[in-house]
Amino acid sequence: MDEISSDGRSRRERWREIIFEAETPAGRRFDVVLLWLIGLSVLVVVLESVPEISRRHGTLMRTLEWMFTIAFSIEYLARLYVVRRPGRYARSFYGIVDLLSVLPTYLMLVAPGAQALQVIRVLRLMRMFRVLKMVRHVSGADLLLRAIYESRAKITVFFTFMLTVSVIAGTLMYLIEGEKGGYSSIPTGIYWAIVTITTLGFGDITPTTGLGQLLTSLLALTGFAVIAVPTGILTAEISKLEADRTSDACPSCGVHGHLPDAKYCRRCGSRME
Amino acid sequence: MDEISSDGRSRRERWREIIFEAETPAGRRFDVVLLWLIGLSVLVVVLESVPEISRRHGTLMRTLEWMFTIAFSIEYLARLYVVRRPGRYARSFYGIVDLLSVLPTYLMLVAPGAQALQVIRVLRLMRMFRVLKMVRHVSGADLLLRAIYESRAKITVFFTFMLTVSVIAGTLMYLIEGEKGGYSSIPTGIYWAIVTITTLGFGDITPTTGLGQLLTSLLALTGFAVIAVPTGILTAEISKLEADRTSDACPSCGVHGHLPDAKYCRRCGSRME
Amino acid sequence: MDEISSDGRSRRERWREIIFEAETPAGRRFDVVLLWLIGLSVLVVVLESVPEISRRHGTLMRTLEWMFTIAFSIEYLARLYVVRRPGRYARSFYGIVDLLSVLPTYLMLVAPGAQALQVIRVLRLMRMFRVLKMVRHVSGADLLLRAIYESRAKITVFFTFMLTVSVIAGTLMYLIEGEKGGYSSIPTGIYWAIVTITTLGFGDITPTTGLGQLLTSLLALTGFAVIAVPTGILTAEISKLEADRTSDACPSCGVHGHLPDAKYCRRCGSRME
Amino acid sequence: MDEISSDGRSRRERWREIIFEAETPAGRRFDVVLLWLIGLSVLVVVLESVPEISRRHGTLMRTLEWMFTIAFSIEYLARLYVVRRPGRYARSFYGIVDLLSVLPTYLMLVAPGAQALQVIRVLRLMRMFRVLKMVRHVSGADLLLRAIYESRAKITVFFTFMLTVSVIAGTLMYLIEGEKGGYSSIPTGIYWAIVTITTLGFGDITPTTGLGQLLTSLLALTGFAVIAVPTGILTAEISKLEADRTSDACPSCGVHGHLPDAKYCRRCGSRME
């Protein structure tokens, strides 16, 4: 049974505050420790993939790996215990991320005998998804996400345009250049067109004929001008959201979105000052 | 003759609604089925261009191709039948796209005996224009197109600037680097300059002399700063169009700058409707 | 002496209107013919640089070249004759451009005997500057140029930042990678840093060490974020200029820059309607 | 002791004005001379790194180097002497930059006998940090820096997003492509992902499998759309800062939104002064 402390809250309640909020000093300390653990565990997985480091410091890496796994397992169980609705947490984005950041290490214990090397490799790399645990601690993402969400219709238009142009340009290049320039099939042509319209320009496939170079120039100029589109959309959206947020609320009904010189509330019609 | 239904509209009228509008449930279902057909038929053309897939699944591909062609043919004839002015639809952008998405398959039946392989190849790839059938179903493109249309004078200035700089830079590189760096003629130089100013940077042609590298640096910096121009133009235009759309004037005092949900004028406090 | 026509203006006056303005039908026709001549003459110089075209159509090219030169010479002399201050025109940007677009062809007649092949080559390519004659006919550039001019202080800051970062990053790469990755001297390193920070990325010089790749990643992320700076500056400036231009002028004193709900002029204090 | 001049200020006071301010003609002259010295000294270090120039003009370079070092040493000592709190200046950013721009040359005198060639090389290149001395003289950077500072929370979100996506994409590519495409370890994969998402695209490592090319296309499109984020953030911030600066409230009615040259309130018509 939960012990009730002097301030009338259960121990579980206090632990929830430490683990899930960042307002109290203890909660902030918990977050900082966790962030360090996440960062270090990701670094270990990254370094383990470098052959020479893995060969020399293999044992150290495996020891550290188990320490991180145990720490994250305790964190996961603690979250399951303190949260009010464990089922909902377990099925939430962060619940799945928390589970996936410990599961691969345990599965690797079971797998070796029965499974192939490729599975081990995948399990090893799945630990990299621990990086997603960090997202929880980034504040201020809300305005950006809302701006993107509000602009979703226009962003869809933009991506449809990009893909349509890429599909047509890729097909044309496959027709014009064919095997010579490395455009061996339409999928390769589309890959090249996306690399070109985004101004990425690897140079692994390049036009060799005059007509191909002309089409490339047109595609590059289109891509260059088209960057303006998502920027324009998002800038207008962010400006609007910022204006909404910074404008005064009506003292009578609390509605936002007034210009600085507004005298009457746009919703209830009462005087603003 | 057209059968008149209980709600007083002819069958043709009801079919027009299903085929051309997306407001009714039947119309929306029609659009979704069509979008899947377009997507799948484009995918089949794309996969057919990959040699190994074409070799193994050739018969399946040809069967699917004819199914799509027949479906799009029925769609085209249905559109011609239900639309009020068939001639105008046939000459419109979408009418031509709809025709071009079935014509190549029929022409391929006729061509083989008389024509060369290259013609077949072009006909095959012309089926890719089916992707343009999708554009009809993208809503929300109007604001963007209007913003681009309103900025056309400035966008022309921008492209003239880009082309002038590219022509001069390409000529200078042809003079400075010549054959050594791969700048074999002025057109090649201009192609390189466009690839550089758009920050695409394939790397198929690169400067080898110090002077060439200096000019490249200047061109890259120009391009980098110049991206700002279409963005600035379009952002200002989108913001203005958005502002126009959201601001109704007060019927009492004529003040602008109200959000679409405003009930009372922000200035004189009188009701907006 | 100038013949005075029925509407009281000299013939020179009327020719000035045709040559220098684009308001009259005759003036617009003159502009269109000139634009075609400029475009075609640039195209001829471009095509002449392609070895196979030059070999096959050499005589045609030379004939066309002389036709363009004579036409532009007549245009230059006409401009000198009709303009009010010939000296000022001759020393102006367009005066110099007009002269430079005919001079090389005449100089090539004189040069061959005495000079080297390289001089001929330079003279040949100087004809490409004819493309600058086109700039005169681009309208609507004023707002853009004013926006850039008003932002010059901030754009200077931006370029100083870009160059400082490039100089330091180029030096560090020369130190870290040295000869191995192709960073043979500091100038080469700075060239590479500019290619990287502008996200051009030719790939002619690339990092091979881990530390070099880390620095490259940082530089690329800096460049990626820094594109925002000129865009932000220019967008804010264009929006402001647009607002100035579209706002109502005061009926008493003609001052611009009022918000749409302004009741009193911000300059003279009189009522707006 | 300090000699007191006719206008009641000590000589040190007057020298401080010349060295630290740019308002007086003498101060501006001092700045211009210093900027030239910095520029030339950086140029000498740059040119010294080019093997052929260093071989031919070695003695000239060394002589110039000592002249610059002595000049900057005098400048550093003068700054230490005239400034009110020498300790604070010495520990400030510019104080450290000023010291570091002379120290390497002196250390090179001491080092040769005892140290390795690599140390000399580092010392030589440390002189490049002189370029940072220039930053002091760039005015107008304040608005930009404030805009970046005000947006720091959002910029952090943006970089966290970029890095998370790059880490995951780099890991996936290491898994999909492995050694074949050059993705030899996760760090290399992350380096490639950053090069791709920033649309840099060196092309030193490129995907060879279909799945790898699909992932590349997605990453390139993400990067292309994501450029909009810092731009949107910064543009909104710069617009807001500009608006804040230009809008004084009316002293009579408190209405905002006046241009800096407004004399009368746009709302109530009373004088603004």
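Note that the chains are named A, B, C and D in the order they appear, and that numbering of residues resets to 1 at the start of each chain.
Following the convention adopted for this analysis, a residue touches a chain if its C-beta (ideal position, glycine included) is under 8 Å from a C-beta of that chain, and two chains touch if they have at least 3 such contacts.
Just so it is clear, the structure is predicted and the values come from calculations on it, not from any experiment.
Taking each chain's centre as the mean of its C-alpha atoms, the one that lies farthest from the centre of chain C is A. Under half of the residue numbers at the chain A-chain B interface are used by both copies of the sequence.
Between the two copies, chain C and chain D, the Cα superposition rotates by 90°, quoted to the nearest 5.
Put simply, the C-alpha centre of chain A and that of chain B have 29 angstrom between them.
The distance from the centre of chain A to the centre of chain C, each centre being the mean of the chain's C-alpha atoms, comes to 42 Å.
For chain D, residues touching at least two other chains, in rising order: 158, 187, 190, 199-203, 223, 227, 231, 233, 235, 239, 257, 267. Note for the complex: chain B touches chain A at residues 42, 45-47, 49-51, 121-122, 125, 128-129, 131-132, 134-135, 138-141, 143-144, 147, 155, 158-159, 162, 187-188, 190-191, 194-195, 197-204, 223, 227, 230-231, 233-235, 237-239, 242, 257-259, 261-271.
Those residues of chain A lying in contact with chain C across their complex are 199, 201-203, 231, 235, 261. Chain B contributes residues 153-154, 156-158, 160, 164, 167-168, 171-172, 174-175, 184-187, 190, 196, 199-203, 206, 210, 213-214, 216-217, 220-221, 223-225, 227-229, 231-233, 235-236, 239-240, 255-257, 267 to its touches with chain C in the complex.
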